[in-house]
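Across the two complexes that follow, subunit A remains constant while its partner is subunit B and subsequently subunit C.
== the complex of A and B ==
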């Protein structure tokens, strides 16, 4: 009994640093946001703490629905684009690159040591009206007028792809890298063409990686803020910049907090459902 | 013969596989090493043919070249008389049972066995019937809906066999298929596979490092070492008439004694071996002064006392004795320090004491004279 209790104490002591930082930096901020969402907006843009559902009532009015749909749509399209680009890259690095695989993975990750906003600014320079790409194309005589790229939907997708490519490639690469290459020989031996081998063996066995990649891209993409503003000109309002606008422009902190809470609930809901589906898929496979 | 995996009757003289001057190089320039070197071999249709050798001898590389997973650096490979050098594995009418079984973990047993038919676009009904028959032939029908991970090693082995044979290959390749099985199951599967090969008449090409397995299962054996075939022959020939020092030492237990020819009188040789003088009839083209090796099986040696005529004798001091049930293996230390092992049946005579002088003898016909 005493030994067990002491063991628990040791465990607690060892966990204390991470537990404390999680409570201070994660749990308490979330609780503050939740508290704000039930607060009342006061006249000067502050919040009067209390318990009112006014913000939530306002949130569920029809004007906010398209914003939620916009966010869902952007997250879904970004995820699809990331998978379409990321899967071949992961496949190449895991199965074709040989001894260069480590180098390629490093090249994929190195840009992500640079600050996010700096990298997005770089894209603004590249895609701008007088930016690198337009100057080059004009200089080479391919176009006569600069192409409008900044402020378009494709520019946002380029930014999303750039931001979420590593989180797409890494889990898929891990799944493909762990693939028993003898299974591909077996498929070859049994008469499968390379394409049949891919669809019947490689792809199904890489699905856990694909499922993880979807989760890693879709959920953060739901709350993304900087990319649509910087590269898309912030034209279509999505949850991320709605929250910023409510807090900073409209000084309506309770409503901003309510949007944050709803986003949190939706994301958590997606994660829980997804994990449940994933588990049942895994169980069916073994 | 079940209708699922029938094949044409074995034309014993027809060649199933011809390996013509096959070389497989690894590395380049001065670093080049040959995993397989100048391999010339014809494997007859319907034959149970085994590549036997220690690990790294090139046997698995040879098998992988026949399967199409690797291409020879030079030379040609004929399958049923057709040159298949450069033809990818999925276009060769050859199937493999892998050492690791390589069953698809995401497919159930039925889907695994039907994989080859499915990728070739065979109708679903036919696949279902043939899968059932193939599983029946390996006694695994009950497992059709199970996942490979739910099966034991021996069961996975059977599924791997069924998955290969359902495609009616002209040659079945088996890469150390019993390596992961325990001894009892291994014996059982050996019997079963041998019996299956006899029933189907398909050419089986088997790779193993286990000489006993090779001897019991094969019609013919190619003994390989360092990428070079040392000897090709039936089990009896390989065991009783090894062609060189490597085969003699690799197959079974063998005493190998350095010897030198001291005199020759027609086909009658006199040799000097480990301090003993031996008279020996032989037809090899050897001259006095030539070095050679005497190969004697331990079971061919027996203890003698006094002078018995007509046999070859070695005298020395008894070394360690190892009791192995029906027999005891004695070591006899000869005058020059060479150890000669004799396997003697127990109960014939009292166990001699270590250190005591003793003489071992064998019939001249039990000795193989090797030149390399």
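== the complex of A and C ==
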């Protein structure tokens, strides 16, 4: 009894630093945001604490709907693009690269030592009218006029792919890396073609990784701020941009906070769904 | 042992000494308007340690101030912003006795409509909102906002990423006054700005000068100072105050209620109103000075640059945006519609 209590105390003491920082840096800020979302707004940008649903009521007006749809759409398309590009990379690194796997993974991660905005600015240089890609294509005679890339939707997707590729590759790689190779040999022995053994053995076993990748791309993609501005010319705003606009341009903290809360609810919803699906996948397997 | 003690004593002495004499000043100003050199000169002359941050919209600065904790001693709001901040009680009333150089203000800036008696702010520089083009791409010199709707420049037109600035073009292209409070006029302007999106490369209020100079953009809406800065390196960039009027603005210095280093803030205001300093600041930032005696000290190419000092008749036609009060909401809803339109 005493030993158990002491054990609990030790656990608590060991957890205290992380618990404390989680409360200070995560729980309290979120509570502040939630409190602001119920505050009242005056014309001059002051927020009066109180309890009103005015911000939420305003949020569900027609003008904000396109932003929600835009964000979901961009997040969905980015996720699909990331999976289509990331899966083959993860597959290659995990199952084909052999002793070079470590090097390839490192190469994938090294750019992330550089600041995000600097990397995005590099894309602006690459995709610009007088940029590297246009100069190369012009020089090789493939095009006569520079192609306009900055300020277009594909440029935004390129930025999203670049930003989220490692978070797609890593969980899929982890799932594939743990794959029992004997299963593939067994499939081979039983006469499965390579394609069959991929669809019936490799792919199902990599699903937890794929789902983690979807989660890691879809959720943060909705809150992305810089990519639509820098590469998309700020013409198609998503939730991340709306929050900035409401806080900084419109000085409407309650409404900005309400959008943040809604974003939080959507993200949490997706995470809950993910946990459910993951559990059923694992139960089906056992 | 003795050595350790001496070391400790001297370290704490240094700490105490630097703690006592460390006069500080935290400035928060428009990017590109207060040159770093001026800040450094001031720090050297006075021994005050200056922290210098910049913003690229009045709204961002106001958001930080109204959010409470700001830590700034000196800000540089535009005219309508002075009104809003004063109404919110976020500015200190200025003590003119602490700004002896206030007498150097040019005649038009001694009495300003947005701040009678210069109670809350003193003008620093002024300028215009218009547009600029790159001659490599735009062959016939445009004179109207309509050029920013011209499909032949599709994808190479940029608008300021700033609600009130974008609406200057949206309203004036329809023949309305910038800064109107009439709902139907704002609505019409919103429609024009939505229509414009088809030909836009994007919204940008940070590096639009570079976009234009590099040829990424053909034509950009802009503030004259930023354009004049890139004109120095690329003479093919031209600045235009549109026939519809454009707008004139005045940016000045004000001291927030929350300021802790008020004396230092006054010192800086007074310093930058000294004719030689004002001239240097105006020349480096390529902006128009409000100090008459400073204008006389400017190099010819700056004083004679029509992008910086436009002809009188152009200025007479320019709108001067004041606080739009409750109409702010109409602009904001309109701007959200513009930003979300596909």
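Simple rule for what comes next: the second predicted complex is superposed on the first by the 281 of 286 C-alpha atoms of A that agree within 3 Å, B and C clash if a C-alpha of one lies under 4 Å from a C-alpha of the other, contacts with A are read in each partner's own complex, and residues count from 1 in each chain.
Keep this in mind: a contact is a pair of C-beta atoms (placed from the backbone, for glycine too) under 8 Å apart; a residue touches a chain by one contact, two chains touch by 3 or more.
Please read all numbers here as calculations on a predicted model, not as lab measurements.
In the three-chain model built by superposing on subunit A, subunit B and subunit C fit together without any clash. After overlaying the two complexes on the shared chain, residue contacts for A:111 are found with neither subunit B nor subunit C. Look at A:233: by the touch rule set out above, it reaches subunit C but stays clear of subunit B. In the superposition on chain A, contact of A:102 is made with neither subunit B nor subunit C. Touch criterion met: A:196 reaches subunit B, while subunit C stays clear of it. In the superposed model, A:205 makes contact with subunit B only, not with subunit C. When the shared chain is aligned, subunit B comes close enough to touch A:186, but subunit C does not. When the two complexes are superposed, the chain touching more residues of subunit A, out of subunit B and subunit C, is C. Shared-chain residue A:50: touches no atom of subunit B or subunit C. Of all C-alpha pairs spanning subunit B and subunit C in the superposed arrangement, the closest lie 45 Å apart. When the two complexes are laid over each other on chain A, subunit A has no residue in contact with both subunit B and subunit C. Considering their complex, residues 57, 59-60, 62-63, 66-67, 84, 87-88, 155-156, 158, 161-163, 197, 200-204, 214-216, 325-326, 328-329, 332-333, 335-337, 339-342 of subunit C touch subunit A. Subunit A contributes residues 43-46, 63-64, 66-67, 70, 128-130, 148, 150-152, 229, 232-237, 241-242, 245, 247-253 to its touches with subunit C in the complex. On subunit B, the positions that touch subunit A within their shared complex are 67-69, 88-91, 94-96, 98, 100, 102-106, 115-116, 119-120, 147, 149, 163-164, 167. Those residues of subunit A lying in contact with subunit B across their complex are 180, 182-183, 185-193, 196, 200-201, 204-205, 285-286.
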